[in-house]
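Each structure below is given as structure tokens.
Look at the two complexes coming up: chain A is in both, with chain B in one and chain C in the other.
Up next, the complex of A and B:
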């Protein structure tokens, strides 16, 4: 017989008022396995904390998203947003599923090329493209989404010099009825900048206008604005059709789809309130199909959604360092996971699940990270079972942005492993060691020695 | 050059006039018959003069050149000429009479063609009959015409014209003990050319055997059914007088058994059943015409065939035993093989390609003859839903909107006109059904006067089209709902022949779709998807469409290391589209839809490159999906002549076992937006040891390279379209 687990005593006030619709207590299960692999085994082999990516979840999410669009629209193409998670293994799962690449810097561009993405299937977004970057992208016939007129003039110059026809699209910003309106990227629709830029491109006759792009916001909690945006892009496409008899090859709706995470300050859980792929797909495809674009020339629909595609597939496993009580008597728990590796805890109320059995007793807890910094808070309020030092926890939906925005700060960055569909574990990024950091450092000769 | 080709055309028109008599378009057979006609020099000359006269007049009058060359207007005059040549001695007078008799016969041919053609009936040798009767009555007053004595005293003729030894040979053969019936058979065959000897008959019989096995069989069947019939009724068929008219049975057998009717057990049975009718007509017409001293010639054959064909036209459309020939290939074998091939590939309905009425992949949860509602008059219908991980809904499935298929776009299955829209019926609560308005919100679309599609259980107020709108294939119509007799959201789809909501359904296939399975997807052509299958429309590749979507007026240039030639894409006045190779005078007929190219037949030179292209691209679906293949069967006569194929010809009316196989594999694709580079490989298995392997390299401009591998030979051709 296994030794019974010790659980510290806790005192809980009995709520004697009317029961509300959220129930009396939390009922949830420990997460002992991820896709059939024991959490304890992962920690044993790769240490704690450790990021775990579920390949199965990525593929399933991708198929769900594809189904939502392909059952509504004939020509759909995803492009993997590199900035969301550019670990090569993750990118390659998306590429295997048929995604192209969407990059926003020379670094990401070269990474996509390095992963084996054909250059003409890379979408080059973002405001920061140097002349050298553009020269390379033009030579490679990558799809360049022009952000501003200065970029357009540079492209025009390169096109004139090299006699290569750049494959370009413009990024359009617009009022879709949301606040804040994202108007810092691309050309505005309402004031005519976008139409003006399109005319410039068409009149230059030096480049091929292949698409129209927008990216109206991030973590969009309603799908309606996408319909407005798609209708406005379709309107530009119809304009090109009428004025120049020119048919664009694609309309790129960008990303910004919300994942199932719960934003800080949200009243209800994100899994209940955030729109589904179907909701976004419905608005986008209806707007394009019902537009005046002629059905024979219906453009491809490109999507660059990153967060909604990968968030669910990422887990972060950590260990309880200690339990304390604050000055007010509130329970606090220190994990070995800090904001340096869980950047998204600034935005989300991440779901945290113990990785071992527990009873149904819970206590309102504050979760701190291990950093010696006051801001290192993972959750301010969370009903958690009574954890002991050395217990493990799993933090859910951490696939997006954490593995790109994380910092080497105070501690080293941990291992990232992937669980395959056959429940095999592979390391996709090694844990950093001292040399990962110190190798890049150079100490001037006169600073090498000291005596204390 | 031009003179040469004119001489060629005139020669062809003469030879085909001969073969036409036996319903053939074989030049060699015509030549053989020409030689037979010259067994009697005077008759032979008279025959050829009549053809030239008749065809010449037709040409000068501006009659369709193709028909003249095919011998259509020559053979009746030829028969008149032969008849006159036998009776009268050759000379200037006969020459003049022949010219004008031919003119008369030609006019009468036009008369009968115009008159009978309206009823889809052939004019056969009616104009010959009237021509020769009129001229022979008239010629009784032409005293300067000398009667030919040839043929009355055979032994004298032989020894005078040939030699004594030939006469001896003739006597020897006569004593050989050839069964009497067979002798009469040969005599009857010879009699068609006014040659009353077995030698002509034997040569014709051999020629017939080489030309068409089925015609040869039919000639025997016709003859021997008459032979036994006369035995039963107590007359002696071997009597000389019958051999003059015995050919009526033979020609009727070929016409009814295999030429105008697709050869089958039924057509063979009709040959036997028509025998007594011919005999009545023989006896009757002989008695009547005898009063005027006229011979009955082929009158019984003409009357019976025309009567029979006329009678067949009155049948109900779907009754096809026996089946009338709709496209005449001038050979019972070709008619039979192409008919069966066509029937097996396309069924008996003219096909308007119908696609699936949605985007993406859907599951059929009730198919034809379904266990719930697809019964009786409405048994040919489908119910579609979207399934993910074996579930039709997300969340708990408590609301209609939880169902994956709910509110999904419904698109037009083919071009058409909106015939009817029922709207305003609200969605049911899950599990409940509306039996009063059981179709729910419904749209009916007219695709042709006999083909309508109906889509039901649509969401109220979601229609994007209105009654009377002209719609294109793939156009958005409405969104899936849960109205009518629908316990959970689904899309009901049926095809019907009449325009009403809830009309009786018809069994009509989906033109092409992708059938999904865990292992691999497969392509279905003109099939009916069944329950629990997951299906989706094929995704058309613009490159393939460009490569194989031939448009009339285009010219295709093909170049290889050794040759350079061009094909034209043409369309004839029957709306048949075909590729035409000028060099080899070959035709490859095809039909093209939005989604596929299908070759339906080939006419011409089998050594030509066009024939190889026909084999290589026999059926191409304009979509690329990994692992799909297209398989098809070509007509049995696509194969080269062999012992096996000759054997097949003999039993073809009853069973076809040669099924030459075509297979197309989709090998690789590199795609970029709508432009793709695609490689296709196809094979045509000619025999165990001979297989053609073809490979197409296709890019966004069309076919770039075409490789033919046959044995150890390999050829590469480059394409260029204009």
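Up next, the complex of A and C:
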């Protein structure tokens, strides 16, 4: 006779005098499948923990974002932010949807080239572009967004030596009413740095000023500052038109759109409070269209949003290692997922769903990772069903930054698989092995032997 | 070990401690274990009954039982030497 399903005995005090400050239970259904593929099968084939990327969700999110902008503005071009997730399979889904590439290092630049992105459809951002990087980007006619005057003068020297006209834009930082104001990248709008850089470029006559770029912040929880930023870039574009009779080809609003994740300390879920693509699109496109830019020369609108495009498509499956109680009696659960692979748990309250059936009983739980480090905390307070050792969980919205900022620390990094729209699984990054690490180490001859 | 005599438990898992006015909710396994304890069964008897009926190993149940008893003690719901008449 088959035995009944076991749930550990639980008792929970009923608090009738004040609401639970950690929020209500949010999990009502187990997540047994991701896009039609059984979580248990994924673990069986690729182990636990394992990252899962939903191709269907990437494509849907991209289409949602494009719809929000193209229904409001005639010329829109997305560029995939490589630093957000540069697994080639992920990049190529965006490229198949029409995204160009936005890179911030030679490594990312070469990765985009390797993925087959035409060099003139690569936007090269960031403060760290070496002379060799710039020589290559100029020769390839990539779009170089100048961050500082040292970079400008290097570009000018290369242009003079090669007689190739670099395709450049400047990054502009500005006061959009938010705190902190990002002023470490690019040239400031308010104090005249931006105009100084534009004048230098225009008067040099050695390079083509093709665009204006800004990236006002990250995880922007209100859309209004984008309207301010777009208006200021449009003002620069109008000034170029009036002063030099020069029309830029594009305004690049960068990224920073918030995903639906919930920041630590937030009272309400990000899905309820964060702006939608439509909110961002309305502010940006209204500001450009309502500016004095000549309608016959309306520039392309470039967007480099990363986080909001990929976060929802990423899942991280893991396993309960053990349950404990803290010295105060609080339930603590140890997962085999640590901050080394879930870097975003430092700032998000990630949604966690059991991958098997559970009852309505819950317990306020602290979720630890497996690392022998006190900082390895995935959730400080989460109202979770009663989990047993060996149970599986799915952590949601992990697509952004985790697969680029993860650390090889204490343990090896796991497999990353992608579920296609036809519910087929493909490995898009193999799980690391000992040789992934040791192959790069060299032991000096005199340290090879020892006796204990 | 027995739960305090004046504590009331409903079939749905609502537990009231009239001495403190505190109330608690139990899951079905919690109700089952408390009822077995009230019947005077010791740990070994409870373990045998539960592991025979449910898909759980002795070691897992042992760990969960001790955790459960710890919570009962923490909430002053079981008789201890000091509370026995």
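Just a few scattered comments:
By definition in this document, the second predicted complex is superposed on the first by the 437 of 452 C-alpha atoms of A that agree within 3 Å, B and C clash if a C-alpha of one lies under 4 Å from a C-alpha of the other, contacts with A are read in each partner's own complex, and residues count from 1 in each chain.
As a convention for this text, contacts are C-beta pairs under 8 Å (C-beta built on N, C-alpha and C of every residue); 3 or more make two chains touch, one makes a residue touch a chain.
Nothing here was measured: the structure is a model prediction, and the numbers come from that model.
In the superposed pair of complexes, A:120 makes contact with chain B only, with no contact to chain C. Look at A:4: by the touch rule set out above, it reaches chain C but stays clear of chain B. Touch criterion met: A:64 reaches chain B, while chain C stays clear of it. Once the two complexes are laid over each other on the shared chain, residue contacts for A:72 go to chain B alone; chain C is not touched.
Of the two partner chains placed by the overlay, neither chain B nor chain C lies in contact with A:356.
No residue of chain A is contacted both by chain B in one complex and by chain C in the other. Every residue of chain A that touches chain C in the complex is listed here, in rising order: 2-14, 16, 323, 325, 329, 359, 361, 386, 388-389.
Within the complex formed with chain B, the residues of chain A that make contact are 64, 67, 70-74, 120-121, 210, 249-250, 276, 278, 282, 285-286, 289-290, 295, 300.
Remark: chain B residues 358-362, 386, 388, 394, 404-405, 407-409, 464, 472, 474-476, 539, 672-674 touch chain A in the complex. Across the complex, chain A is touched by residues 15, 22-30, 32-33, 50, 52-56, 60-61, 63-65, 67-68, 70-72, 74-75, 77 of chain C.
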